[in-house]
Structure formats: C-alpha cells, structure tokens
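Below is one structure. I have some questions about it.
Every chain is named by a letter (A, B, C and D) in the order it is written, and numbering of its residues begins at 1.
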Amino acid sequence: MVGHSFMGAVHSHAWRSAHRFFDLPMVPHLAVLGGRDLGRTKAAAAKFGWASVQTDWRELVNSPDVQVVDICTPGDSHCEIALAALAAGKHVLCEKPLANNVAEAEQMAAAAKEAAGRGVRSMVAFNYRRVPAIAYARKLIEDGRIGTVRHVRAVYLQDWLSDEQAPMTWRLRKDKAGSGALGDLGAHIVDATQFLVGDLLTGVTAVTNTFVNQRPAEDGGVDDVTVDDAALFLGRFANGAVASYEATRFALGRKNGMRVEINGSRGSLAFDFESMNELSFFDGADGDASGFRRILVTEPTHPYVGAWWPPGHLLGYEHTFTHEVVDFVRAIADGVDPAPSFADGLQVQRVLEAVEHSATEGSKWTDVPGGQA
Amino acid sequence: MVGHSFMGAVHSHAWRSAHRFFDLPMVPHLAVLGGRDLGRTKAAAAKFGWASVQTDWRELVNSPDVQVVDICTPGDSHCEIALAALAAGKHVLCEKPLANNVAEAEQMAAAAKEAAGRGVRSMVAFNYRRVPAIAYARKLIEDGRIGTVRHVRAVYLQDWLSDEQAPMTWRLRKDKAGSGALGDLGAHIVDATQFLVGDLLTGVTAVTNTFVNQRPAEDGGVDDVTVDDAALFLGRFANGAVASYEATRFALGRKNGMRVEINGSRGSLAFDFESMNELSFFDGADGDASGFRRILVTEPTHPYVGAWWPPGHLLGYEHTFTHEVVDFVRAIADGVDPAPSFADGLQVQRVLEAVEHSATEGSKWTDVPGGQA
Amino acid sequence: MVGHSFMGAVHSHAWRSAHRFFDLPMVPHLAVLGGRDLGRTKAAAAKFGWASVQTDWRELVNSPDVQVVDICTPGDSHCEIALAALAAGKHVLCEKPLANNVAEAEQMAAAAKEAAGRGVRSMVAFNYRRVPAIAYARKLIEDGRIGTVRHVRAVYLQDWLSDEQAPMTWRLRKDKAGSGALGDLGAHIVDATQFLVGDLLTGVTAVTNTFVNQRPAEDGGVDDVTVDDAALFLGRFANGAVASYEATRFALGRKNGMRVEINGSRGSLAFDFESMNELSFFDGADGDASGFRRILVTEPTHPYVGAWWPPGHLLGYEHTFTHEVVDFVRAIADGVDPAPSFADGLQVQRVLEAVEHSATEGSKWTDVPGGQA
Amino acid sequence: MVGHSFMGAVHSHAWRSAHRFFDLPMVPHLAVLGGRDLGRTKAAAAKFGWASVQTDWRELVNSPDVQVVDICTPGDSHCEIALAALAAGKHVLCEKPLANNVAEAEQMAAAAKEAAGRGVRSMVAFNYRRVPAIAYARKLIEDGRIGTVRHVRAVYLQDWLSDEQAPMTWRLRKDKAGSGALGDLGAHIVDATQFLVGDLLTGVTAVTNTFVNQRPAEDGGVDDVTVDDAALFLGRFANGAVASYEATRFALGRKNGMRVEINGSRGSLAFDFESMNELSFFDGADGDASGFRRILVTEPTHPYVGAWWPPGHLLGYEHTFTHEVVDFVRAIADGVDPAPSFADGLQVQRVLEAVEHSATEGSKWTDVPGGQA
C-alpha cells in the first residue's frame, strides 16, 4: 500500500479484517507500506500492522513480496504509480477519483485493459457501492422494483470549510487534488448514481463556486485556494432521466450528507450516508398503505450483512472498505475483472471534466463523451 | 372572488374564518362569487358561503358591493381581471403565478403601482410565505442567526402525473397554465427562497423535461401535453449564494414535498412542507452539542401561531390562506402595500422566463432582468 | 354549547365549518352559547359566531331553540349538565373525560342509555379517534393487517408544567379536574388504544407522581397542586396483549407527544400526534424490503380526507373536531348511536380509577370492572 | 477468552483492533480461546485470530500465558469461571448480565472486591455505556445540561421471536439464560439508564409475559419456553424521578430498538440504538428556537470518536466493544478499577430480581435492595 493517512488507515483495517468475517480464498498479508518520510511511515506501519516499509514507491511496486498494490496517495500520483504497478504485474486497487484529469485516466484505463489480458486485475475504490444499503438499492432497481428511472437527485454535503479560518490543505490545491468538492465528493455521487441507475450521464450543465479564496497557510501566511468549494450540476441520463447534483464543503451542519433520491415509474428510493444503515423505499404497489419504507439494511439477506452482526446492529463507514477488499480479493482469485473498473473511473472523470468545462463556459450544455453509447 | 375550484374552496374558508381567530379591523363579507357556469357557481356559493353569484366577471369587479377582488382562476385570465379590478378601484388578491408570461405580469405590476397611488392595494398569493415555519425562518435569517447565505437548495416534488394514464387537465396546456411544474410549483420555491434569503436571483441555467407527451382526453382520445413535467435549474443570488431548484410532478411517493434548505456562514435551515409545522435549524454556535434542531413552530411566540391552539397542536395547509387574508385585510385598513406585491410576482415571472429561455437554449446561463440591481 | 374557552373555540369552529366541506343531512346552527360571565360570554359569542348567549346553563339546555348540547366545561359540571340535557331530549356531545369519577360517569351512561331509547343521542368527545391517521390505523387493524396485537405502548407527553413557576390553574385542582395528567392526557391514550385494538384493558398497575406540590396562585400567594403531574401504568388487554402507558406534563421539549405504538403478529403501527398526518406501518409481509412505511394519511381514500385538500396538504388539530361534528350529526340524522358512547366514556373512567387505586395501593394489580367481559 | 459464538466474534475483533486506533499502554495478545468442542473451537480460533485453544476452561484460566480472562459464555457459567479466574489472579471481563441470579452475582462481586485488593481488575461488559452517543449523553447530564432528571423511559425492542415458529434456543431456557428478554435486553436498559442518570432504582412494579410457550426443538419435537418473552416495569429513582421500562422480542419491525428518553428540568435527551450515532438533545435554554437537536455524535471532541474517522463517518455496533477493551486495558495499566464493576452488575441483577418478584406477586411494589442508599 502506498500512502498512510486517512485512506491508509481505513484501507489497512479492511485488509486486516476482511478474512475475519468473510470466507476469502486467500488471506491478505500486509507486506509493505510505502511513504515518503521513513520515520512517519514506520510509525504508521507499526500502528496499522504492516510488515515492512518502503520510501520509494517504485521499489514497492516491484517488490517480489507484493502481489497487490493499493494506492492511497493524493490524485496527482495515481497515474504514475498505477501504470508502474500494472506493468510489474501487480493487481491494483486505486483510490478515487481515478486521476486528476481525463488524460491520465485514459492512460490508466488503457493500461488496465492491457493488464487484464495478462490476468492482472484493477479496481477503482468507489467504496460507496459497497454500502449495504446502496448495494441493496441497486438490487431493487435491477429487479425492476422502481420501474423506469425518471429523476435522480444527489447531493454530497460537508461543512469542514465553512469556517473561513479553516487552514489550507493539499485538498484545496488544484495541482495536487485536481479539483475541490467536485472530485472529492462529486465523484462519489456521480459513480453511485450511475451504478444505481445502471446507466450513464450523457451531458451536464454546471455552476461552480469558491467562497473563500485564501486560507491560512502552515507558514503563518495565506495560500490561494485554487479549487472549487462547491459544484452544482444538472444532467441527463441516456435513458431519459433528468438529474441534479451538488457537492459542497460549505453546508454548515451537514457532516457527511451524501444523499441520493431516485424516482421511478413504479417506486422511489432515498438514501443518506449520515444514516447509512437505512434505505427508504416507496413501492407504488402498496396502495392506500403506501409510504416510504425505512428499511434497516441489516438483515442477513441484505448484501454483505450476513457476515456481520444480527439485525439492527449497525455497520459503519469502515465496513465499506472491508467489502471492497472482499470483492477485490475474490475477483482476483476467480480470475474475473472487478467493478468498478478503471474504465468506470475514466468515465466518471469525463463527467467531472464536462462539469468543469460547462462551468467555465457560461454553464452551457456539455456532452459527456461515451455517455451516449 | 372569481373562480371556485380548489383555490376557491380554500380562499373561501380563509375569508370566512380569519376574523374568528384574529382581530381584524374589518370583518370580511363574502359578497359575490364569480364563475362561468351558473349552476355550478350557485352550488359552490351555497357550499362556500357566498351571498350571491355572477357569471360575468366584469360585472363582479364593477359591482358596488365589492371592495376586494380575489382572483382564483387559471393563469391566462389573471391579467385581464386584475387590470379591470384595479381600474375599478378594487383591492386585488391574485393567485400565483401572477401571470402566464412576463408581458402580462409587467402590465399588472404597472397597474398595481398606479393603483397604489390611489390607495388601491394588491397582493399576489404566494401563501407559503405565511406558513409559520417559513415566516419564522425568515425572522431567524433577518436576525442574522445563520449569517451570510451561501447555499440554497429547493425542490418541490409531487407525483400526481407519475401514472402515465393520469388524465389531461388544463394544468398541462400551455395556453391555459403558461407552464407546467415550473409555474405551478417552481414559482412557489422561487418566491419562498427569495423571500427567505432577502435577495434576488441574478441568473439561471436550466433543464426541463416532459416525460409523458400525450394523455387521455375527456373525449376518450388523447391530448398533447404542452408544458414541462419537470424543471431543474441552478442559479446565483446577488449576494453570491449559489442555488439549486427542482420542480416536478413525477417524484413518486412525494405528495407535496416542497423542501428548502439554506446554509449560511453561521447556521443552516431546512423545511419540508410535508412536515409543515417543523423547522430544522442548525446553530453553529451550539458547539459540541450542535445538531439540527427540530423546532415545532407551534409556540405562541411564533408568527401567526398565537391566534390558534396550544403548543404541539398542529396547523394545516389552509391556515396559510387565513394568514394571507389577515395580512391583506390589515394592510388595506392600515393603508400600506402588502407583500408580496405584483412587482414581486413580476420578478418571479422573470425568473421563470429565464428558466424557460435557458432550457431552450442549451442550458446557457441566462440573466434575470432586475436581479442584478 | 356550554363553555367558551379553549374547547369552546375549537368546537365552535367545527360546528361552523363541518357543512362547508362535508355533505351533512342538516346544517348546524350556532344557536346559544352558555357561560357564567355575561360580558365574556357575549364577546366569545361574537368571536365564535353564536346567535345568542345564556348565563344559566339550565335555561340553555331547556331552550326550544336547542336540539344539541355541546358540553365544553371543566369535568366537575359534565354530569349535571348532561343529565339535564338528556332529560330535556337534547342530543349531547360531552368533552372528555366523561366525568370526574366513576359514580358520575355511571349516572351519565345510564341516562344516555335511557335517552337512546327515546332517540336522543350522546357521544363523548374523544376527538383523537377522528385523526385520519388513527382512523386509518384502526381500519388496518380491523382488516387484519397487523394480525394479533401483542404489544401496546402509549405515551402522552407535554411540558407546560416543567417550569416550577408555571402558575396554578383549575386543571391542577382535584375538585375541578378530577385528576391531572391522568384524566387530561391519560384518558386520550386509554380511549385511543382501546379503540385501535378493538379490545378492553382488564387490569393495571400504576405509579403516579406530583413533582411540584405548590404553584403561584392568582392572588400572589401559592396554591396546592392536588392532582398528579405524571401517571405511568402497565396493563393487560383481554386478548392477551400487554400495554404500557405514560401521561405527563413534565416531558420538557415534548409539546403534544401523544404517541402510540402497537406490535402485532403480522405487522406494527406507530403514531405521534406531533406528526399527526403520518402513520408508520410495518408490514411483516414485505420480506427483505420491509421497513416502517411513513404513510402520509392525506390521500382521498383515507378516512375523512376526501373532503379536504389534495395529497400532501396537511390537516391540523382542529380538523379532528370537525370530523367529530360530522359523525355526530350524521348519527343523529340516521337515528343511530354514535361512538364513542357514554358507556365507552364510563369504561375509560373505570380504567382511570383503577390506575388511581393501584397507585395508592403500592402499585398492586387492580382489575378494571367490565374489562374481562 | 471463553466462548466463541456471537459475543466471542465481536470481542475478538475488539481485542485485535483496539491498539490499531487507540494508544494503549499494552498491546493485547490473543493467547487462548476456550470452547467445549475442540474442532469448532479450533475453527473459531483460526477465524478470530487466537494463538491456541483449550477445551477445559479451568486450564485456560490458570494458564501462565493468560493475564486477562474474557467470559463470553451463557450466563449459567459466568460465576464459576469468574471466581476461578479471579482466584488465579487474572483480570476478568465478563459478559452481561453478570450472572443468572443475585446469589451468584453476590459471590462474584465479593470475589471481585477481594481481588481488587490484590490489584486484580474486573468489569462487566455493559458495552452500551461505550456507545459514543450514550457516553456523551452522560457527560451532558453530568454537566447539568438537562437539570434534575424527572422522567426516564427506556425500551429495548427486538422482534426475532415474533414468528411463532422461530426455533428454540438456549436463550429461552431459564436454566441457561436466567431469564428471557428481561436479562438479555432489560439488563442493558437498566444499566444504561442508571449510568446516564447517575442514580439507582429504588423499587419497581412489573408485568412479564410469555406469548409463545412452546417452540420447535432441534430434534423435530417441541421444547418449552421457560423464560419471559417480554418484561415491562415501572420504577422510581432515588432522586425522585419516575421511570418506565420495556424489554421484548416481539416488537415486529423493531430490530434493535434500544431507546432511552430522559426529561429533566432544564433539558431532555433521546437515543435510539437503531440510529446509534445520533443523540437528540433538547436544551430548554434555546428559547423560541428550541427543538430537539439531532446531534451526530461523530465529532473528534465526542467520547472515543477522535480515534476514528472524520465527522459524519459513522461507527457501528462493534466499536462499543473496542471502546470497552480500551477502557479495560487502560484501567489495568493504570491500576484502577474499571466501570461498570461487578458490584454494578450485582445491582442490575437485584433490579432484575425485583422485577421478577413483582411480576409473580401481582405486580406489587418491590424494593431494590441497595437502591435506597
């Protein structure tokens, strides 16, 4: 694994825990943790349970001890590391967004496709697909329980930048992060909704905004914020559904409000990550007694849940990563390509780019390449 | 009052009931009910408590028994009736949207301005301003409790057209209704959010959609739907806030989901008409113990509530009209102009027109005239 | 109508409004308002729309202008007025609780039974049966949708006495009110749950408490509180269900939290008066996709709702009284006995007395006479 | 650790994970797993990560490799194992309820007290005290944020026995489990509420019920259910608060509905384990803008949360056990007695016994020994 901050901690826990709850064909071994600073990487390795450390990620991806490379670094290094790892024949799990721009994502998707021919697997870590409630929602849609999808509305609301004095971070630098709320939060809701609907966005119109242009720097001065604080966009799906999206870090009081609502011709679904064990489902067939059902997605028959606790005993954020590891390891063992693929990651990147393009071009309608297919 | 269907019923109740709960300077007398069909109008007058009927609205607006004209007809007749009534020196309460297009709304606003000079009052019936929770939200914003507004997100979700076999109605004909979900539902959320924020939209980008293009006609054939089924738009407020709007009649399971969420620099507010006695308020000053407060807006100190029942005893939809009558009658008695004025109604109409323009021009950014002022 | 404070206001509105929305066989005429103080009664009559006033309730109940007597006075006068009215051949609607003790209630039930033989009708005003959501819940239970009832839990939580300095009122005097939270709030949940379950309580064990024993009197001194501030009791239904009840005026933050939850062998129901337009229904037959459905009880097919507004347009507290008037007037016209009858009111009174008895006898189990039948 | 079913799985995860997130003075080593069946115990040890197995718990508790004994067996063996472990100088963590009856619990509390004198620590695993929301609620109460507690209402609602054909288990046998819903679920809410209030129950009145007296046995026949399916009781706290409790496995649709609501003189709190990351708090000082605050207890300043994820990223059921391990290990290292102690467990057992006594004695009021102190 390369990278050991927030994502590193949660990925490590997943790698450590997956086989404790799920029957895996192979037991993951936490071999090498990569990081630039030797001291901090060693401390992280001890804390997270990695056997060794490596400050040169090129050594890491070429190490004979390593069969899988998990990329948890900022977006600007994803492409380089992933290409090297795939070339070295290592399976790759890469954090989202896949890359900081479409050009990089295209290279990665091409490399992944080539590698797959050699039996080398790759997956982009859109972990929200592995929230049981979202996986179950997908199943309900696949089963036709809501009919034809007509409306999608998704927001991802956080508030950690609401304070104008919140300090500068790499997440607010375009060169490091690619974009702001758009790539960090918007990418999640674009992927999740396309996954849920089982269809792609064909075009968008967008507005982005930066509310606070300068923030306190580490050195006591100020740094320029070079990304969006909020991104709002409307879109159309290939099947005719219309969609609304909003990603922001300025929605005071919303801590992790990733909410999706989908209306179909026969039913509707609603989800809020702040209540991630619940799915709201309206079944148009319920007649007089119809109403949104608050389904506690904690039954053994629900996706992933059987491996955990009895009904009503909640799962948390980290479980989505454990599920990701489970599915990834099983795909490797089964010799099949896991989803979401790097191609899926590329398509999300194309949506993000279309959003940015529309926002800078007077909100004009912007097609998403490939979405029309 | 001209018109006696849904709006006629609820307006009549308001005119009958206002002085039973509020101290009014004048007791309304339900003098003349206007309608095209004599028999049906007589029946409605008996049911609703009107003293007489009139099938010619010109006679009604010129009747010496009439001091106030309440216009509850479809949008295509608002302009004509309002102009005549104002010319005849009658105070006018006009249902929303003010008119079916900007040209008509401009005439009406001009006439209202002229009439005001003669002491003749006019008001457009955006009754949602008189929901106690919304009036109270406005007060909290005015008092600075949420600081500078950064985000507005508003939806108005209904589902009565979700069934493809739902029959044709005048509301689906552009010549009668002006637009579809946009004018019927979108007008409400545009007015309510501008009222709440205390600021105007300066421009928009929009997408509209008609999901079902033909519907069963009364004669057994089919009729063309000539309005939008759904309208989605993004906007910017003069103060720098960004906003998202959606109006639809295809959100299955949402019966009257007029929801507004506003995030400011110090707090946030959320409202859902399906729980219209509640206001959610996040106060950034609450520290560790912060969370959205579910305020039951039923305290005697809350707007309008003192006239009704003890705390926790809910009010309903119709009360918003009673409050409207109260404020209108008091404004007439006090010799002041009530709000929202016809000029306010015109401004909303300009937003709606900008939305339609953007939607037909590839979603391109469209300024709202006057919003920049 | 005798009495013109809180209940008088809401009953008057119901009598004025019922025929405006429902087809009634007879149009109520608000003939005479009774009250002890002539000036205040005249003011109330003018405000509420009554044609005349009367300070002697005996004159009122014997007036030839009066066919129906509506008793809205404190509980200590219910018996006397009702007996006189029934003797005079007037139909009687009596506020709850029916009386301040079982002895009075027995007299009233006997008189009502005798009067029914003469075609004179009587009803006790447990208006919560006429909340559409509760009436609909009863229908679901009758239809077998939740199977055999096993659990009932009901609370009625208010907080207006939470402040120790809240002033003395007649509601805190045993001679006037009979009991405190028990008779005022507990009576509602006893009636509502027995109505919903379609079965009677056979016995109870109880705890009551008075948190604040003295309160500021009008004269500047202090008065003794002689009733319970809170009453908690457990019970058993004849069908084997177990039940829990709590009534209090000290639940800070709960304004009108009359909540009922019923669990059956096939489904469950939950209701909260603070969201009175909603009913939660769990259908055990929903399989994997089961969850409490939030039914917005505002559809035209739901009880009483067809007379009012479109789906999602909420009703309020006062509508329950309008529905009461509708059912009462129709029963009179149809020559049938309305429910809940005085006998039903007596049975509730017996439950309340058993609660008081248990509470004073070390919580020992106390049978409710008649419940075993 | 002795025992390796549901509790064994979750405890193992806690022992494995605690030091990965929290700074612990000692890193737990999973030395020996005890179980009666060698094959199944070996399988569990492999799955859960234990170094060795032992089928004789006496060997286990005396093993020099073992410093801490974690008892996860059914209640009938707690006493014997705990006494032996304490005698052998091992720190003991014991699952709840502490024992199957007061006599055993008294022995255990005495042994724990004696052992504490030798520096040997013991704790009963009421893990719900370590739900961040509950720990935070305790803090708010300690800080005086809700004033004097007047009302406690707690329910623990599950539904896994609602189906009459659900099979027999050891949990339904009095000799194994001690009691049914009472000891399994009731014990949790008794401990949690006493912990929250910071005070003890002085007496109770109770009703218990067994809805289904026979269930399918493993051998194809039927077995007698010898415990309660539901237990309801009312109680009084030493400080004058009144309380209501209900524990049931027949509340269809409620999966893990452990709910607590506490009303004080200055504020109120409400919690539901089905939304375990949330705490509702009503602050009486909020004035006009008061309402229950939905606090997402996921801020770094909230108890235990700083070790985990960013705000709004939820924790789950298992985290409560991790927190338990953290506190237990720290107490051992610090040489202090952890809470809840065996004496606390004994006191809960006395409440349970008082409930059973009252239920069998016509619900008569039954004092809880020690509660008056």
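Heads up, the rule we're going with is that contacts are C-beta pairs under 8 Å (C-beta built on N, C-alpha and C of every residue); 3 or more make two chains touch, one makes a residue touch a chain.
Since this is a predicted model, take the numbers as computed values, not measurements.
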| query | Among the remaining chains, which ones contact both chain A and chain B? | reply | C, D
| request: Tell me, please, which chain's centre (mean of its C-alpha atoms) is farthest from the centre of chain D? | output: B
| task | Could you grab the centroid distance between chain A and chain D? Build each centroid from C-alpha atoms only and quote it in angstrom. | result | 36
| Distance-wise, how many Å sit between the C-alpha centres of chain A and chain C, to the nearest whole number? | 54
| Mind pulling the chain C residues that touch 2 or more other chains? | 254, 290-292, 296
| Inside the complex, what are the residues of chain C that reach chain B? | 6, 10, 12-13, 16-17, 20, 47-49, 158, 160, 254-257, 273-277, 296, 298, 309-319
| In the complex of these two chains, what residues of chain B are touching chain A? | 146, 150-151, 153, 155, 157, 159, 162, 164, 205-207, 209, 211, 230, 232-234, 236, 240, 242, 244, 246, 248, 250-254, 261, 263-268, 282, 284, 290-292, 358, 362-365
| query | Contact residues on chain D for chain B in the complex? | reply | 136, 140, 145, 278-281, 283, 286, 288-296, 299, 301-302
